[in-house]
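Structure first, commentary second.
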Amino acid sequence: MKITVINGPNINMLGKRETNYYGDKTLEQINSMISELAAVLCVKVDFFQSNSEGEIIDCIHNTDSDGMLINPAAYSHTSIAIRDAISSVTIPAVEVHLSNIFGRDEFRHHSYVAPACIGQISGFGAGSYLLGLRALVEHIKGKKG
Amino acid sequence: MKITVINGPNINMLGKRETNYYGDKTLEQINSMISELAAVLCVKVDFFQSNSEGEIIDCIHNTDSDGMLINPAAYSHTSIAIRDAISSVTIPAVEVHLSNIFGRDEFRHHSYVAPACIGQISGFGAGSYLLGLRALVEHIKGKKG
Amino acid sequence: MKITVINGPNINMLGKRETNYYGDKTLEQINSMISELAAVLCVKVDFFQSNSEGEIIDCIHNTDSDGMLINPAAYSHTSIAIRDAISSVTIPAVEVHLSNIFGRDEFRHHSYVAPACIGQISGFGAGSYLLGLRALVEHIKGKKG
Amino acid sequence: MKITVINGPNINMLGKRETNYYGDKTLEQINSMISELAAVLCVKVDFFQSNSEGEIIDCIHNTDSDGMLINPAAYSHTSIAIRDAISSVTIPAVEVHLSNIFGRDEFRHHSYVAPACIGQISGFGAGSYLLGLRALVEHIKGKKG
Amino acid sequence: MKITVINGPNINMLGKRETNYYGDKTLEQINSMISELAAVLCVKVDFFQSNSEGEIIDCIHNTDSDGMLINPAAYSHTSIAIRDAISSVTIPAVEVHLSNIFGRDEFRHHSYVAPACIGQISGFGAGSYLLGLRALVEHIKGKKG
Amino acid sequence: MKITVINGPNINMLGKRETNYYGDKTLEQINSMISELAAVLCVKVDFFQSNSEGEIIDCIHNTDSDGMLINPAAYSHTSIAIRDAISSVTIPAVEVHLSNIFGRDEFRHHSYVAPACIGQISGFGAGSYLLGLRALVEHIKGKKG
Amino acid sequence: MKITVINGPNINMLGKRETNYYGDKTLEQINSMISELAAVLCVKVDFFQSNSEGEIIDCIHNTDSDGMLINPAAYSHTSIAIRDAISSVTIPAVEVHLSNIFGRDEFRHHSYVAPACIGQISGFGAGSYLLGLRALVEHIKGKKG
Amino acid sequence: MKITVINGPNINMLGKRETNYYGDKTLEQINSMISELAAVLCVKVDFFQSNSEGEIIDCIHNTDSDGMLINPAAYSHTSIAIRDAISSVTIPAVEVHLSNIFGRDEFRHHSYVAPACIGQISGFGAGSYLLGLRALVEHIKGKKG
Amino acid sequence: MKITVINGPNINMLGKRETNYYGDKTLEQINSMISELAAVLCVKVDFFQSNSEGEIIDCIHNTDSDGMLINPAAYSHTSIAIRDAISSVTIPAVEVHLSNIFGRDEFRHHSYVAPACIGQISGFGAGSYLLGLRALVEHIKGKKG
Amino acid sequence: MKITVINGPNINMLGKRETNYYGDKTLEQINSMISELAAVLCVKVDFFQSNSEGEIIDCIHNTDSDGMLINPAAYSHTSIAIRDAISSVTIPAVEVHLSNIFGRDEFRHHSYVAPACIGQISGFGAGSYLLGLRALVEHIKGKKG
Amino acid sequence: MKITVINGPNINMLGKRETNYYGDKTLEQINSMISELAAVLCVKVDFFQSNSEGEIIDCIHNTDSDGMLINPAAYSHTSIAIRDAISSVTIPAVEVHLSNIFGRDEFRHHSYVAPACIGQISGFGAGSYLLGLRALVEHIKGKKG
Amino acid sequence: MKITVINGPNINMLGKRETNYYGDKTLEQINSMISELAAVLCVKVDFFQSNSEGEIIDCIHNTDSDGMLINPAAYSHTSIAIRDAISSVTIPAVEVHLSNIFGRDEFRHHSYVAPACIGQISGFGAGSYLLGLRALVEHIKGKKG
């Protein structure tokens, strides 16, 4: 089983910015944590990050993995195109957010992407990815099993 | 460490109703799954379910546990009082939903309760509780450690 | 055939309050009228009234009748939980209102409960219950017959 | 006592269209059912149907009956003129709908016509007319009696 | 110079209905008052009233007068078609209302028709027509002169 | 009989500004036209103009005339205080506008002041005042007569 | 194969009005163009135009053609009844507009009628009808073929 | 004279929670302050607190006091049922809030309950109750005297 | 200790206008009542009333008192400038209203001024000032003491 | 004459995704159909597809064709930048959509791009492109001719 | 060349209030800075400040300068009258704000005044005036030159 | 000191498009003007323009300058991602617009980007950049000095 971890805009700056919202871990540190858990769960992971809406869509179209763990970041609130990209492939997706989107600006409460995903996890910092990975693997097993 | 699992209105009917949204597990079966995971994580759990907003608030006020795993169900979208109840105690809470709230009626996209919680997990059926329990235990350990 | 008549908040004050909206009949008098018609239609009726949203939900879950005649009163406009309660059982429901909800405050025009019911009757005072009982009995017969 | 039954746009197509919403009875069949009940209730009925907002208003102005049973169909949601027409005569009216208007498109939840009527009945198919006729006759008797 | 006076839905019921809003003059009496003032102003007038949106549009298209004095009544608030009809002819129009539309229901504050007219006069009962006639005649003279 | 003509902000600039909306007549020229018509109608007029909301309210409170002809200009859309000032005296008022307020910016369609007046006249340039004077005098006579 | 071409309010005034929006062709000229293309495509066409919402609905109900090419004009934005009329027959419809509805007033961007049609074509003047005819014929053939 | 003091959800947690909003006094301390002032004003007081909307309504229905001093807390913003409960009895009520509701979340600016009360006092901490008690006693005396 | 009592537009007309909303006391009578209570509370008071937003702001800037008791009347709902004026001085303010603002027009429910004040009291007629004075004096003492 | 066909996000997945909305033709098949028609109409076509908003804008800036046939897909509803790009060149554009945008999610009814185009065609599957090509060629000829 | 610097409500309190938003410079200090830059740019400046909307309008009407540098402060968000005043004179205006209006309350994001100005500068404290003066002088020179 | 000048979508087309909004200067000419002023102010500048939201974010992340002068063009109104990118670096930014955004379409009045910047300058054509450069340099000096 292979999982693609997709990160959207500004996630590459993690650990360098607004740490009250996102914690002080860098993306590399988060990826290591994901890799560790993936090893435990016996799944392969590959990582993708882009600040470009179009490249994220390309990545979704081209992936050959069994599931997508996606943090669309700011694009969650504005991108119908990413929503449609997820709907256009038959691979299950889980949406994750580092911060609690309901505790921030009004315009961050809404997600265009979420309805195209199995579910959404927000507010647990790097932990959101680990929970999301578990949820995704469980979902895929459930469908296969 | 002790965790209180709080379930809101109609959750007692699980497995008996609209199974396309909520899956076919009963509340008892979900509670067993939670208990099992709790044993693995070495935490105690107790369970509470009520269809009454007031009783849920009473439960939040009176609990002596270290964390709350709460599925406010329909009250997520209408209850400012439960939000205030969570804010009125110093115990961390995680909000969970069986179904993907963004994939249902417009009025279910909004949660009054979420901003008073650490984070929110929705869409993974019974799995939402298990993920939420992990997230909550991790959060409490992080604060203690 | 058995029908449960469920009345929401403040209906116990009928005949004692704002009589321009609701008429001067007490709840007991309305119940008598319902019982009389029920006898004519050869159905049993039992009566429930509560000012508590939670108790109304409990009642809906626990009833063993063939149909529910429900006046959710003010909860019509605010309770998603009662709507979900009705959806969670397989018993048909009819929503009734004493006053014409479209002729009052803007916030009373909307009903969260109605979409979970077969239909809605409003504006005929005590008569709304009698019409609702006929509609409900007819509906149940139609499904059985 | 005489009652005018007024049907709005597309009701002449009943039984020929979207039968999931409106049932499979034709307007003629519904009219027969109304006539039968009218006989039982000892009232005369005449029938009017038009797809034209203006003709419906003309009918309301010109009727010499004691009450109006009106299904304004789509005009419920758009016609202030029909509302004003009902207010311009001293004859009581009851609004009926075949389908449960709260269970359909958002723009069908609202009725401009309802505030000018005694009450509204929706969701019982052909039964809505029969219930409406009873309600109307009862109302007129109440005022006369 | 010839002026067409166009009245919309329910205006034929004037003097017979809700007299608190519209006064107790009948349409015939208002027409007489208009005719008298027209004689003083040396203009010819003809009168048209219909409850049908379509017939009002037909009338606007077919008139050979120099100006239109129009009370669209309820259609002011709902008819884009009448607005377009006025725009489609090169004859100036003045919109009048018997009652003060800003002092009634919220949905009566808005007029689709007004932007296609020179101006609007509301609130002076039958007087609105007389003022409108003066305004219209003055306007036409201004353009001719 | 005495009438006070009250003009709001920027009306003193008439004939010097945006002549496509307001015509090329100065306030003095309009006042002369009003005086002429007043003489014909045998009423006295005095004139007041201010750019200050407070001074307009003072004027309304202090006037000893029998009626007020008021063009609140931009304050129509923002001043609840002027509305309340008119309601606080027992002198009838007519609201006039030079331009057709429905044909301009969305925020000019609404008038806080209108509901406190008998009626509103807009779109006839200087003519709006003359029509308003007639309407006001007629109204006062009607109440006296 | 027979196609009915249905035109709504004010379309009879084409070529005589606001030519910046609608071009300078009359309805007769457009009908000739449609007839020519119909001949090329080997389909029969008949033409209907009315300013009355009700008559348009009657026409939709009564047509025995294989498809409807409809320009509802202003009724697109206000008529739920025409939408329901199209849904009430089993004949496919294509909505056309002479002008680009997205480039005009906000209230013209919305169409109640479009969801009941196969598709919508707007902005190509008389060309919209010719494109619509091609689309409709193609659609019918596709279903038959 | 007897006054019932009714406190809504989470008020039992006062002094234990968010002290920046509500101050550090416990409900018991506030009740003592109220009792003291009541003694000065020569009125009896009894106290009621509940986290349940339904129990608050029951309390309102059953009280035999001459006035109600009510802090509906979070239910102010969501409960039409409590509003109706106050309207259903003939006992005057005063609404009080510890914090300044206009200085907090947007959704706390609105009160469903206020229109059913004589007036509202917010922002003075425990002082709001004392002011409210004075206002209520004064009001009752005014009506009796 | 000195308190400035500031009254906004139309308050000078009290006792002369809409007495159903505001009672029949004149401003002078209210001022006397305030003076009497001030004497009891051992504070000095001076009085200011203006219909001008700008003069009210000037007054707020120039006062050398220890507190402000302000009834901004209609300006509560429209004046951001008065809100900013209160924020620009370090003197505590209490907002009062004669009538219950929640029981009147929708646009009177909102106050721009309230968030800059300690609290708000509305609905007790002249009593609102007396309660406000007590609240203000108490607040100042609390801060001093 | 040369036409550029521009396709937005996810159109490269056609025939592989949600076929109920978009049909089962791949982009290559659609392009072939366009090429065939182009040959008939004696125009050259070139094709561009990108999932990136920026690349679509680049393409619009750089094209040397005589017209643009554009399906902005999800970007129709969110991209002001593409709208501005079309406005920034002097080449006419036609917007096309495979599905009927009015028959889908509310947020797909709106197009930021449409006002910068001649017109819009939606709902005819691959046929939308063919109709759009005809419309565009016709438009260019009309301007040249 | 002469420039009038116009400051709206509460600007006279600068340096004395909420210094986190507006900095600690007094209006006199800002005026000195403006005078200095004016000398460099070889233009005359005069200064006006008022808390009264009406006086600001008077000032705009009466100025004989070549340009206006205006900080309408709170009136930016509420005054259509000041907008109209600027439009009523032929003198160019630049709007400035000390604070970044987009970073504050929602109701401060909007400016009624801005569309009547050449442009708007906000967020640079006293620097906003200096930038505005440069912009205005440049603009006037551009038109003269 | 080094400043990065960042231009968003369609700015590369300047001088070639809608010159009524943006003037006739090309981007190269504007850049020359900026370079000249930069030389005067003794700061280095480098220039970046892209039509891609993602590339603009990349540029913001990678810049090693002391300040950013950014014209996000259409992305101002739609890009939360660019706002977050600016927040994610510790480099101050100034937002500039060529045209007066308040004088154009409603959807251009709002800026997602502005709250992450020091301030905003709009409406002065190429001059907006020069003013912005001054503001930015002044700000950086102020923080350093």
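Chains here go by letter, A, B, C, D, E, F, G, H, I, J, K and L, matching the order in which they are written, and residues are numbered from 1 within each.
We adopt the following convention: contacts are C-beta pairs under 8 Å (C-beta built on N, C-alpha and C of every residue); 3 or more make two chains touch, one makes a residue touch a chain.
Bear in mind that the values here come from a model prediction, so they are computed numbers and not experimental data.
Trainee: Need the graph distance between subunit F and subunit H over the touch network, please.
Mentor: Graph distance in the chain contact network comes out at 2.
Trainee: If you walk from chain to touching chain, how few steps can bring you from subunit B to subunit H?
Mentor: Graph distance in the chain contact network comes out at 1.
Trainee: Among J-L, C-D or E-F, which pair gives essentially the same interface as B-H, with more than half of the residue-number contact pairs in common?
Mentor: Checking each pair in J-L, C-D or E-F, only one repeats B-H, namely J-L.
Trainee: Report same or different for the subunit J and subunit L interface, where same means the shared residue numbers exceed half of all residue numbers found there.
Mentor: Different; most numbers are used by only one of subunit J and subunit L.
Trainee: Just curious, how far off is subunit L from subunit G if you go by their C-alpha centres, in Å?
Mentor: Each chain reduced to its C-alpha mean, subunit G and subunit L end up 47 Å apart.
Trainee: Go ahead and note the Å separation of the Cα centroids belonging to subunit E and subunit L.
Mentor: Here the centre of subunit L sits 54 Å away from the centre of subunit E.
Trainee: Residues of subunit D that touch two or more other chains: which are they?
Mentor: Within subunit D, the residues that touch at least two other chains are 52-55, 78.
Trainee: Every touching chain pair, please?
Mentor: Final set of chain pairs in contact is A-B, A-J, A-L, B-C, B-H, C-D, C-H, D-E, D-G, E-F, E-G, F-I, F-K, G-J, H-I, I-K, J-L, K-L.
Trainee: Give every residue of subunit B touching subunit A within the complex, in rising order.
Mentor: Against subunit A, subunit B makes touches at 100, 102-103, 109-111, 114-115, 117-124, 127-128, 131, 134-135, 138-139.
Trainee: Which residues of subunit C touch subunit H in the complex?
Mentor: Per the touch definition, subunit C meets subunit H at residues 8-10, 12-13, 16-18, 50-55, 73-75, 77-78, 107-108.
Trainee: State the interface residues of subunit L toward subunit A in the complex, per the touch definition above.
Mentor: The touching residues are 52-55, 57-58, 61, 78-81, 83-85, 87-89, 112.
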